[in-house]
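Here chain A shows up in two complexes: once beside chain B, once beside chain C.
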Partner chain A sequence: MSFKNDLRIVWAEFKKSVKIWISYPIMLVFWAIAPFMWVLPFIFQGKALVGGLSSAAFKELTGSPHYLPFVLIGAMVSTYIFSGLWGVGNSLREETYWGTLEYIIVSPTNPIVVLLGKTLAEFVYATVNVTMQALVATFFLGLDLTLAKIFPVFVIVLLLLIGFYGFAIAFAGFTLLIKEAHGWVHTLEWVFYLFSPIRYPVEVSTITKTLSAVIPLTYALVAIRGIILLNKNILHLGKTILILIIMDIILLITGYLTFRYLERKTKEAGTLAQY
Partner chain B sequence: MFWHSFITKTKHYGRAIWYENMKEWRIELTYKPDFIRGMIDPLVYAMPYLLYGIALVGGRTSETLKGLVGTDDLITFVTLGYIFVGFINMALWAMGWSLRKEQFWGTLESVFVAPVPRWVFALGMALHSTLHQGLMIFLQIIVINLIFKLTIAPSGILPSLLVVGLMLIALYGFGMMVASLTLIFKQGWLVSEALSGIMMIITPIAYPLAVLPLFMQKAAMFLPTTYGVMTVRHFLIGEQMGFTVWTAFSRLVVLGVVWVAVGIMIFEIIDRRTRRTGTISHY
Partner chain C sequence: MNNAIEVKDVVKKFKRGKRLRKREIFAVDKASFDIREGELFGLLGPNGAGKTTLVRCIATLLIPNDGSIKILGKDIFEHSLYCRKQIGLLTSGERTLYWKLSARENLKFFAALYGLDNKERDKRIDYLIELLDLKDVQNERVEKYSSGMKQKISLARALMHDPKVLLLDEPTLGLDPQFSRFLRDFIKNTLNRKQKKTILLTTHYMDEADELCQRIAFINRGKIVDCKTPYEYKRDLPHSEVLDLRCTGIQNSDALLKRLKSINTVETVTLNTTDGITNVKMILPRAEPMLSDLIELIRQTGKILAIDVKQPTLEDVFIYVTGTRLTENTAEFTPQGEQN
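Take a look at the complex of A and B:
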């Protein structure tokens, strides 16, 4: 199939996803608010443990004593990650629920192209949600997010997502093979919560610090917090950007190869239509 | 005559509850890796709260916490609190999500035409999720204890179990209400996610009730989990609650009666409504 046809499929898949979202408009409102609901317990816990909104021990670990912006940034960036994990990684399992997986697989289309359509749709959806969250965080919670900081932050987010979507595509292949992946997605969510600095500084323990080094999200979050909280210039984050680019290349290639392998394996085993 | 009919019905419903419970276990054990993963989950869930606490105070003790509740050990305080997240998940996800799951599997209509009331089906789900959560919580406590060495008063274990038992009754009612809501909203995970988000905030899991804004403190008084978590921590680590043990027990009994009545009532109303409007099989 030609490149033009592939683009048409990506567009059709994008439109399909948008139609599904529009069928459940309350979901958009929910995802704009939900990350703040997850953040609130951490704010109250902070108040209970240190009595205010800053902590000297926290500053030693992160460079900033303010834990509120720390968890807010973690919540916003993780919106992209979890939307990718569910919307791309778990997307083929959803097609099974809808009874449409077989149609996709037997159509004369490369499933990777279909997944690219889903990825594009998820990216747009997550960006809309994060924009709403950023507005709330800036105007109501005092997050210092100026226009000058948005461009470098967006560059880091893009570098993070290119590799992450590669991983999500591999995970989509995994769901073809193991079927009931819902719980595994949850576990991955919590692996990210535990071994990357979404909710707490991983430097607090040697184990979490070491393990977090293999997760691209760690580098992205440290860089984004550096830009927003410590006013660092993106030019001073060259090492982080290089690491993210290398991880992107590795994850994209391995993601593609893993998906093709798992798709073939599932077809050979004849378990594609199994539930 | 009345007693004979009552005993026959109870046996009949009891068997249906048991088979529903067994059905859930069979489905779960069909996906073994997923089952094992589910056992580890609660441990992974709790750790960010513990490590975040350590990052904030630079150790495991907090003088501010001691001033608020009378104990400075944040690890034991948060771990005991976090156990109750499992119970919230039980009501909102395992029970609340149960009817939507049957819809996905294409078996909701078959289950609903069985000759037992629909709340019996929900109680079967409740039995299964109570056993499942119990197992997960047991493992969670053992592992966290091995890592952090929790300090609790052994004499508080029995009364704590009694408190948890009372709290579960109220949560069953709550779970039944949520389960029925998914028949109307279809995308029921949204209901579960929103309610669990709210309950996780206003139940004093990783912090004392006193740090919440006043309106949240008042709302927390209608949740059985608030009394559950505070009373258990009172028995095990001496948390100062701001109300007596007797008050906690009596309020849990009242909440149990109210939530079960409300749960069954809403379940029945929605069940009747969805069948009248013919939307039960809508997706």
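Take a look at the complex of A and C:
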């Protein structure tokens, strides 16, 4: 099929996904609120431990004494990646539940193109959620997010997501074969929470600091916090951007190849439409 | 006439059990048959016989362990894209559509997967909605439809790209008699006779196969047992009558079966007990001379409720050929989607 046809499929999948989401309005509300709910205990915990939301010890590790903006940025970026992991990684499982997966696979379409449509839908969905969070964080929680900072942050987020969606596509293939997503997603979530600076600076431990180096999210979070909290210019983040681009290329290629391999394995095992 | 589908020595094995007890089960075992262009071909067998597995192999949803499959002369794995464009698939079951979308929205999505541009797509959807009488409900969510209506939309999806080959896997399963009747007529008259589509129909309803199919392959335990026209099957059966008895109170059905089998003139006997009622079916040259002896024999173990002497049906032929009833589940291993 031609590139034009592929674009038509991506668009059709995007529209379909959005229509199905809209039919469950309560989920939209849940995903908009949930990322903030987990921040609140950390705010209260921080206040109880150091008597406020800033500390000198925190500044030594991060360059900024303010704890709240640090956690809010972690919350917003993690919303992007975890909704991507859930949305794209679990999307083919959803098609299995709906009984429609076989009809997608039997069509003369590369399932990767359908996954790209799902990725686009997920990106838009996450962007709406994160925008809502950013508005709340800026106007009610004092996050200094000016318009000048949004573009460079968006570039970093985009670079992070390209690689992450590559990983999510491989994960979609994995769930196709093993028929289980929840346990793996939760495990990955906790690996990221533990070994990347979502909730705390990884410098607190040598182990977390060392392992965080292989997670793209670490570089993205450091760069985004540098832009928002330390007023760094994107031109000073050339090394981070280069690392993210290299990781994007590796993850996209391995994601694609892994998916095709696992799709074939699933067809051999005869478990394509199995619950 | 050219072959539309060629299946040659196809083997599909599944692994069953865990670790040391792992063993291979043959879901399809060296299956071979050809379907001519424009033919309505039936694959008839009991649940778990391998019908669905075979259809999934033809539809490229399963990769066989061995053998080859061609659609319109091209190998399905070497020319996967071409072959998938020629196939329209319809399976049984309600859950094959997006319930939160309308019929029209469902069809629009699948039209995109088949590369139809917007103009072509809308024209085709209008045609199919008219053809299947879905105009009044086309914009309602699928979740509000009856099973029959959902199956109509699934059929419209299978026809969306006007495929030359249709794979219909138990299309009437679970539908009420009215919709089953509609679907059978539609398959035979519109799709096969008027539109000249090549159709592979799997079913375990012998009436359906008898009524619709020009040729039928019997499949049992993964093997193609025979392949003929319904007329040839009945003609070649070396017996002319079927004796059907409904009994109650049969204490030892195994012993009765053994005794009936020992009668020389009785060629085939099946015995099936459900809810205390035992159905005894015997195929024999002539029933009448044997009747009094058989009644006496059965009376010794139970009570006879009804006796019927009939001409053989396709199911009787199936029993004669395979020794298995179509209503039995013969699967050792039931792969995905195989109906039980």
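Methods note: the second predicted complex is superposed on the first by the 275 of 275 C-alpha atoms of A that agree within 3 Å, B and C clash if a C-alpha of one lies under 4 Å from a C-alpha of the other, contacts with A are read in each partner's own complex, and residues count from 1 in each chain.
Heads up, the rule we're going with is that contacts are C-beta pairs under 8 Å (C-beta built on N, C-alpha and C of every residue); 3 or more make two chains touch, one makes a residue touch a chain.
Since the structure is predicted, the reported quantities are computational estimates derived from the model, not experimental observations.
K.L.:
Sticking to the clash and touch definitions up top, decide whether chain B and chain C on chain A clash or fit.
P.N.:
fit
K.L.:
With both complexes superposed on chain A, which partner does A:183 reach: first (chain B), second (chain C), both or neither?
P.N.:
A:183: touches chain B, not chain C.
K.L.:
Touching A:150 in the superposition: chain B (first), chain C (second), both, neither?
P.N.:
neither
K.L.:
Check whether A:193 is in contact with chain B, with chain C, with both or with neither, and answer first, second, both or neither.
P.N.:
A:193 sits against chain B, while chain C stays out of touch.
K.L.:
Nearest 10 degrees is fine: what angle do the Cα centroids of chain B and chain C make about that of chain A?
P.N.:
Between the chain B and chain C centres, as viewed from chain A, the angle is 80 degrees.
K.L.:
So in the superposed three-chain picture, is A:57 touching just chain B, just chain C, both, or none of them (first/second/both/neither)?
P.N.:
After superposing on A, A:57 lies in contact with chain B but is clear of chain C.
K.L.:
More chain A residues touched by chain B or by chain C?
P.N.:
After superposing on chain A, more of chain A is contacted by B.
K.L.:
Let me test your reading of the model: by the given contact rule, A:204 touches which partner, first (chain B), second (chain C), both or neither?
P.N.:
In the superposition, A:204 contacts chain B only.
K.L.:
Let me test your reading of the model: by the given contact rule, A:214 touches which partner, first (chain B), second (chain C), both or neither?
P.N.:
Touch partners of A:214: none, neither chain B nor chain C.
K.L.:
Report for A:245: first if it touches chain B alone, second if chain C alone, otherwise both or neither.
P.N.:
neither
K.L.:
Once you lay one complex on the other using chain A, what is the shortest C-alpha distance from chain B to chain C, in Å?
P.N.:
For chain B and chain C in the superposition, the minimum C-alpha gap reads 8 Å.
K.L.:
Mind sorting out which residues of chain A both chain B and chain C touch, each in its own complex?
P.N.:
24
K.L.:
Which residues of chain B touch chain A in the complex?
P.N.:
Touching chain A: residues 31, 33-34, 37-38, 40-41, 44-45, 47-49, 51-59, 62, 64-65, 68, 74, 78, 104, 187, 190, 193-194, 197-198, 200-201, 205-208, 211-212 of chain B.
K.L.:
Hey, which residues of chain C end up touching chain A in the complex?
P.N.:
The contact residues of chain C facing chain A are 12, 14-15, 27, 53, 56, 59-63, 81-82, 84-85, 87, 89, 91, 93-101, 105, 108-110, 112-115, 117, 141, 157, 335-337.
K.L.:
Quick check on the complex: what are the chain A residues that touch chain B?
P.N.:
Those residues of chain A that touch chain B are 24, 26-27, 30, 34, 37-38, 40-42, 44-51, 55-58, 60-61, 67, 97, 178-180, 183-184, 186-187, 190-191, 193-194, 198-201, 204-205, 208.
K.L.:
For chain A, which residues are in contact with chain C within the complex?
P.N.:
1-2, 5, 8-9, 11-13, 15-16, 19-20, 23-24, 98-100, 102-109, 114, 264, 267-274
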